[in-house]
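Shared between the two complexes below is chain A, which pairs with chain B and chain C, respectively.
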Partner chain A sequence: MSLVNYVIYRLSQAFITFLGASLLIFLFVRLLPGDPARLIAGPEALEEDIQMIRAQLGLDRPLYEQFATYMVSLLKGDLGTSIKYSTPVLDEILARLPYTLVLAFTAEALAVAAAVPLGILAALKPRSLVSQLVSVLAVVGASLPVFWTGLMLIFIFSVELKLLPSSGSGSPKHLILPSVTLAFFLIGNLARITRAAVMESLASNHVVTARAKGLSLGKILTRHVLRNSLIPILTVASVQLGALLGGAVVTETVFAWPGIGSLLIDSLFFRDYPLAQGVIMFTVGAFILINIVTDILYALVDPRVREVLWKTV
Partner chain B sequence: MSEILRVEDLRVYYHLPQGVVKAVDGVSFSLNRGEILGVAGESGSGKSTLALALAGLLRPPAVIESGRIIFNGLDLTRLGEGEWRRLRGRKISMVFQDPSTYLNPVYTSGFQVAEVYEAHRGGRISRYMDLVKDLYRKVKMADPERRVHSYPHQMSGGMKQRVLISMAIAEKPDLIIADEPTSALDVTIQAEIIELLREIRAETGSSIIFITHDLALLLEIADRIMIMYAGKIVELGRSSEIREKPLHPYTRGLLSVLKPERKQKLASIPGSIPSLIDPPKGCRFHPRCPMAMPECSRIEPKTIKVNGRIVSCLLYEG
Partner chain C sequence: MVKAVSRSMIIAAVILIVIIVLGVYLALRPGAPAPTPVATPTTPQTPIETTPTPIATPIVSKKDTLKVAIGIDLDTVDPHGQTTTVVFNVVRHVYETLVWYDDKGNVIPWLAERWEISPDGLVYTFYLRKGVKFHDGSEFDAYTVKANVDRWVDPTVRVPLRGQLPIMKAEVVDKYTVKIYFKEPYAPALRAIASYLLITSSKIIEKYGNKTITEAIGTGPYKFVSWEKGKRVVLEVNEGYWGEKPYIKRIEWLIIPDATTRVAALLAKDVDFAYNLPPTDIDRVKAAGLQLVMPASNRIMFIAMLPKGPLADPKVRQALNYAVDKKAIIDHVLYGLGIDSKAPLPSHFFGYAEMSPYEYNIDKAKKLLAEAGYPQGFKITLLHPTGRYLQDKQVAEAVQAYLSKIGVQVELRTMDWPSFVAEIRKPLEEKTFDMVLLGWGPLVADAHFTLHGQFHSKQAPPAGLAAAHYSNPEVDALLEQAARELNEAKRIELYRKAIEIIWRDAPWIFLYVQKWFYGAAADLKGFTVYVDGEQIFFHKAYFG
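Up next, the complex of A and B:
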C-alpha cells in the first residue's frame, strides 16, 4: 500500500512542478528574438498582413492574457495548435514520440549492456587492460562530439562498407547507427561509475562476511557486490535516459531521425511557440516521470531508502 | 586433550609500495579441542592478520610467506579457493569486530544467516528460516520470529552481533575465530556476548580463538592467553599463570595498566608499537622495555619454554 501512496504523493508533487515549469517555458520561448507572424507572412509581406496574422494567432494580446488562455487549454489537455503545421501540437508530438522512445531506449540499453559488464570486469581486475579501456572510453566517449562520431560511423558503415543506411527511419537497420552513436557517448561514463561502485562494494566488510560463510564467488558477486552497487548505476543510467527522451537533438539531426529532438529544433527555428512549448513540456514530463521511477527502483534495491521514502508520504 | 590446530612458524607479509610489512612474523602455537585461546596485543601487533590467515580470508597484498597451519591434519596454507570455500563457515567460522559494517544492509538478517546453510547444504534460502529462528533462540535474540525479517539498520549493535554469531555457529564449526567481537558494543551487551560464547563452547565443543586488545577480558574468558607484539608471540601461558606470574616485561606492562597502584596516575606503557616494515633489531620490544639490557638491541630472543610456558625474552635465556 505504501508504494501506491508514494506514487500518488509524487504525482501530485509533479503536477505542481509541471505548472511552474509551464510558466517558465511560456516566458522563455517568447524571449526568443523574432516573430512568428513575420515568418509566416514572408519577407515581402505588408505590415497590415503581419498585424492580421498576429491577431489571428492571438499574439497581439497582452502576455498575461496569452498565458491564461494557454494554461486553461493546457488543463483541458489541449496543447494548442502548431503555427507551422496548423495541426494540434499533441498530434505532432505523438507522431514523433515512438521514434524518440525507440531510439532512447535502444541507445540506453546498448550502453548498459556494454558498460555494466565492462565496469564489473574492470573493478575485478583494476590493473587489467579492461580497466584501462574503461578509463580511455570514459574520456574519449564523453569528449568526442556526437555529430563527429555519427559522421564517422556513416562514413565507415554507409559510404565505405555500404552496410547500413546513413539516414532516415523505417527499418530496424535505420536504428543501428544513431543508437550506436548515442551509446558510444554514454558507455564511458556509465562504465566508470560501475567500476567505482563495484570496487567500493568489493572492499566493504560485508563481502568479507560473505566469504567467511563459504558462499561461492558467483553468489558473492551477484548478491553482495552487484546489488549493493546498483544505486549509482541506476542514477547515471536514468539521468542519461531522461536526457535522451528529451530528444537527442544533434544525433537526430545528423541521421535525419524524425524524433522529438528534431521536432524541437524545427519549432524553435520557426518560432512556433505552441509547438516548442509542447515539446519542452513533454521533456519536463519525461524527466519527472523517470525521476519517480528511479526513486522507486532505489527503494526496491535498498530497504533503507524504502523506509525513508515511504515515511515522506 | 586432542589438538585441533597447530600453527608452525607462520609468516604473513603485506607487500606494499613502501616496503614489506611483516604483520605476522614467525608465529607458532597450538590449540586443543574445546579450548578458548585468547590473543592479546595492541593495534598493529598482527593479531587481526593472524585471524584472517587462519580463516583463509587474506587478500592481496597480504601473502602467507612461509609456515604451516595444520587444521585437523590438513595444511591450510596449501588449500585452493574451492577447498577453502567448503571449509569456511562450516569448519572454521569468524565473528567480526564491527557488526554494523559486516552485515549487508540490503538483505534481512535471517536471509544472511540462512546463506550459511545454503552455501554448504544447497537448496533454497527459505528452507532454512526455521533453523535460523532456532539459532536466534540459541543466541538469545529477542523476538526471533520477527527479527529474521529485520534489516540490519532496524537492529541494535548487540542484536547485529548476535546475528553474526548465529552465522558463525550455524554449522557447529570446530573453530570459531572471534576478532574483537565485543569492542563495538557497550559494557552490558559485552558481558552477555562473552557469556554466550562460553555457552556455545560448552554446548558445541568448538574451539575459540578470541582476539582482543582487552587483556582483562581474556583473563576472564580464556583458558590460555597468547600475547603478541609487533608480529611475534612474546608470551603464551595459562590465564591463571599469566595473571599471577607474568614473565615477559611487556605482559607485566599490560597487567600493570589493568591494575594501577592506588596513588598512580593512569598507567601506560611508554612509546608505541614499532613500524613493521623496519622493526627494531634484536628484541622488537627493547626500545620500550623497562628492563632492557645492552644485548637486547643485538640479539633476537628465541622462543623458550619455562615450566611448560612459552616466553620470548633474553631474561630467561642461558
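Up next, the complex of A and C:
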C-alpha cells in the first residue's frame, strides 16, 4: 500500500469520526441548561421579546429539525451563524485562528527546544544535577496551575520590572509571557519522556555495539539514539499541540489573548450553540488531523512502523 | 534511582512552596491584610469624578490615546440590539439619542432641542437640532428618526429590549419635527427614549433592513474605527461633531476578561482606566496612587423568598430580614462596595421612597419566628449564581451563617449563570428551592423597571423573572397606575404606597445596592460617571 492510499484511508476514517462527533456535539451543547435568547436579552427583558428572538433564531423548532438543518448546511461547509454576533461562525473562527496557531506553535516549539536537550543530557548523566532538574521541572511545571504561573509572570515582568506588556496581543513582545507560561507547563513532561526514551535506546544492543566499535558519542546520538527516541517524543509533542490548538483556554483568558479558547468560553457562556459547536468541531478536526499527520511522520522516521502500518491497512 | 527521584520530589516541593509563598507575598504586599473592611466615600447619586473645567483656560490633553480595559467583548454594535451595560457604554460614545440626562439624572434636550407631550400622554413631539451630521456624512432629520423608530417596532428585527420602550409608530411632521406615538400612556417614556433609542443614519437602516447592523454609524463625539473581536474596539474623534469636541483623539477599549489581569494592566500603566476590578484589590490600587472610582450601580441585590412552606408567612420573611446583618456583609464581604437598602430599589431611581430599615436584631427575629409557629426554625434551600455578582457566593454563605443563628438551616445550591437563569424561570410548582439570590439592574433609573419587573404578579415566572412570585392585587394596581401617571408628583406618591406595602410584606431579604469598583490613572481627568453609575463617559476626559 502506498503512502497516498494510506492517507486516503485515514482521511475517510476521519470523516466518519467527524460525523459521529458532530452529532454528539450538537446534542451535548443543547443538553446544557439555559436559553440563548434569554441570555442575549438579559434578565430584565420582557418575555414577549424573548419569544420573538427565540423564533428568529429557530430555537422554537423541534430538535430533529434543527439538527437536519444543521447537518445539511454543515455538509455544504456552512457552520451556521453565531447567535451572539450574528455573523458566520466560520468567520469568527478564522479571525481567532491565527492567534491560537501562533501561540500554540510558539509554546510547543519553546517546550521542545528546551525539553529535548534537557532530556538528552539527563539521560546521559542520570544522577547529575540536570537529571534532577528535569524531575523537578516536571513536578513544578505540572503542579502550578497555568493561571497562577501566568499571573505571577505578569506581576513580575509587567507590573514590577515593566519589561513586557501585561496582556493583549499585537506584537511579538505580547507573545512572550503567554507562550512561556504554556511552555513551562509542557516542558517537564516532554523532558521526562525524552530522558526515558534516550535512556532506553542507550541501553539497546545496537547502541552498545556501536559504542563497542568506538563510534563517537555525537555520531551515536544523532544516528542511533535520537532517531529511535523520536517516536515517543513526537507522540507527546503532537498530543500537546493538539490540545493547544483547541485553545489554551486559561492562558488565553489570563493574557487576554483573543484565540479559539476564549471564543469557546464566550460562546458556551452565551449558549451560542452554533458558535460553540463550530469551535468544538474545529478542535475535534484539528485533533484528528494532527493524529493523522503524526502517524505519517512516524512512518517517515521509522521504517519499521512503515512496514507494519501499511501492511495492516 | 528511587532515591534520586524522591530527592528531586523534595526539591520540587520546596520550590513549589517558595513560589507560592512568594506569590502570596506579591499578591498581598501593598496595604493591610485583605479582609479588613474598607471605608469608601459613598456618594452614589452625584457623579464622582466630574472635574469642573474652567472655561477660560483651554484644555489640552497631554496624551492623545486613552486605553480602557473592559471585561467582556461587545456582542453587537446594532443600535437597536443593545442589552449589556458595558457594551452600551462603548457604543454610546458613537451613537446619540433624542434626549439625554444631566448630572442629576434629569432628562435634557440632546438631538432634539425641545419636546411636547400631548395631554393624554400618547404623542411626543420632538423638535430636532439642525445641522447634525452622521459619521457617514448623511444628515440627521425627522426622516432618520422615523426610520429608526420603524426599525425599533418592526417585529422581524431582533430588538431584545423592545418591551421597555413600547412605541407604536412615528410620523414626520416636517423636516425637523417628528411625532412619536404610544398605544397607552407610558410614564417612563422619555427616560426610555434617552436610554434605548440610539439613532443611526437612514443609509445604514436601508442597507441592513431587518438584518443585524454591523457598522456603527452615529452622530456622537467619537467615530467607530474598528472592532477586533476578543481583542479591542477603537474609536476616533469625530472632527465634525456638532457639540463640544473631545480632548482625547482616540479611545481603545481593550477586552481583558480576567479581573486580576485588568488590575495588573492598570498597575503596569498598560491601560489608563479599568472596569470592574476585584474588591480584594482595593488596597493595592489605592497604594499604587491610582484613582478609585466607586459609583453606585442600578442593581439592587436581594434574596427572593418563594411563597411556600414557612416562607409563605410574612412574619417569617420579616424575621429573616431582621436576622441578617446587611451592614456587616457590606463591610466585610463586599469590602464596602454596597449601600444598605432602605427600599426595594436604588436611591437614585425616580420614584424612590425611603423606608425604615430592618435593623439587625436576632431577638426580634426569634420572637417573630416563634409567633409564626417556628420557634425551632426550619430547613430551606438557597439558590445562588457564582461569578455573576460581586462576591455572590460569599454573600450567600454569610446569609447562611446569619440564618443559622435563629435556627434556620440553609442549604446552599450553586449554579453557573445560564443554568441559574433556566432554574429561576421555572413555574413555582417546579421549583425545588425556597430562596434565590438575585440582582436586578434595569438600564433606566426609573422605579417602574425594578418594581414592575419584580413585584407585578404578571411578571412571575415563567412569564417574567419576578423571582419572589409576589402577588398582591393592591400592588399590581398601584404599579399599573403609576406606569400611566404623567404627573410626576402623583407618580412618586403611587410608588411610595407600593413600596410601603412591599416593604411590610417582605417578599425579599432586602440586601444592598451594588457599587462598582473601577480604577483610573492618576493623571486622567474629566471623565464623567453617568448618573446610574454604570456608564463612564470620556468625551470630556483629558490627561493633565
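Definition applied: the second predicted complex is superposed on the first by the 307 of 313 C-alpha atoms of A that agree within 3 Å, B and C clash if a C-alpha of one lies under 4 Å from a C-alpha of the other, contacts with A are read in each partner's own complex, and residues count from 1 in each chain.
Basically, a contact is a pair of C-beta atoms (placed from the backbone, for glycine too) under 8 Å apart; a residue touches a chain by one contact, two chains touch by 3 or more.
Here the structure is a predicted model, which means the values were calculated and not measured.
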item	value
Joint occupancy of chain A by chain B and chain C, clash or fit	fit
Which superposed partner A:Thr87 touches (first chain B, second chain C, both, neither)	second
First (chain B), second (chain C), both or neither touched by A:Gln56	second
Contacts of A:Tyr6 with chain B and chain C, given as first, second, both or neither	neither
Contacts of A:Val208 with chain B and chain C, given as first, second, both or neither	first
Chain B versus chain C as contact partner of A:Tyr298, first or second or both or neither	neither
Partner with the higher number of touched chain A residues, chain C or chain B	C
Closest approach of chain C to chain B (Cα atoms, Å)	12
Chain B/chain C common contact set on chain A	none
Touching residues (chain side chain B, partner chain A) in the complex	55, 57, 81, 85-90, 93-94, 96, 98, 101-107, 112, 115-116, 119-120, 151, 153, 164, 167
Chain A - residues contacting chain C, complex	32-35, 38-50, 52-53, 56, 84-87, 92, 95-96, 126-127, 131-132, 135-136, 138-140, 143-144, 147-148, 151-152, 154-156, 158-159, 162, 165-170, 253-256, 258-259, 262-263, 265-266, 269-271
Residues of chain A touching chain B in the complex	204-206, 208-217, 219, 223-224, 227-228, 301-304, 307
List of chain C residues in touch with chain A within their complex	1, 4-5, 7-9, 11-13, 15-16, 19, 22-23, 26-27, 73, 75-76, 78, 83-84, 155-156, 158-164, 211-212, 214, 228-232, 254-258, 260-261, 264-265, 267-270, 417-419, 421-423, 425, 438, 440-443, 449, 453, 462-465
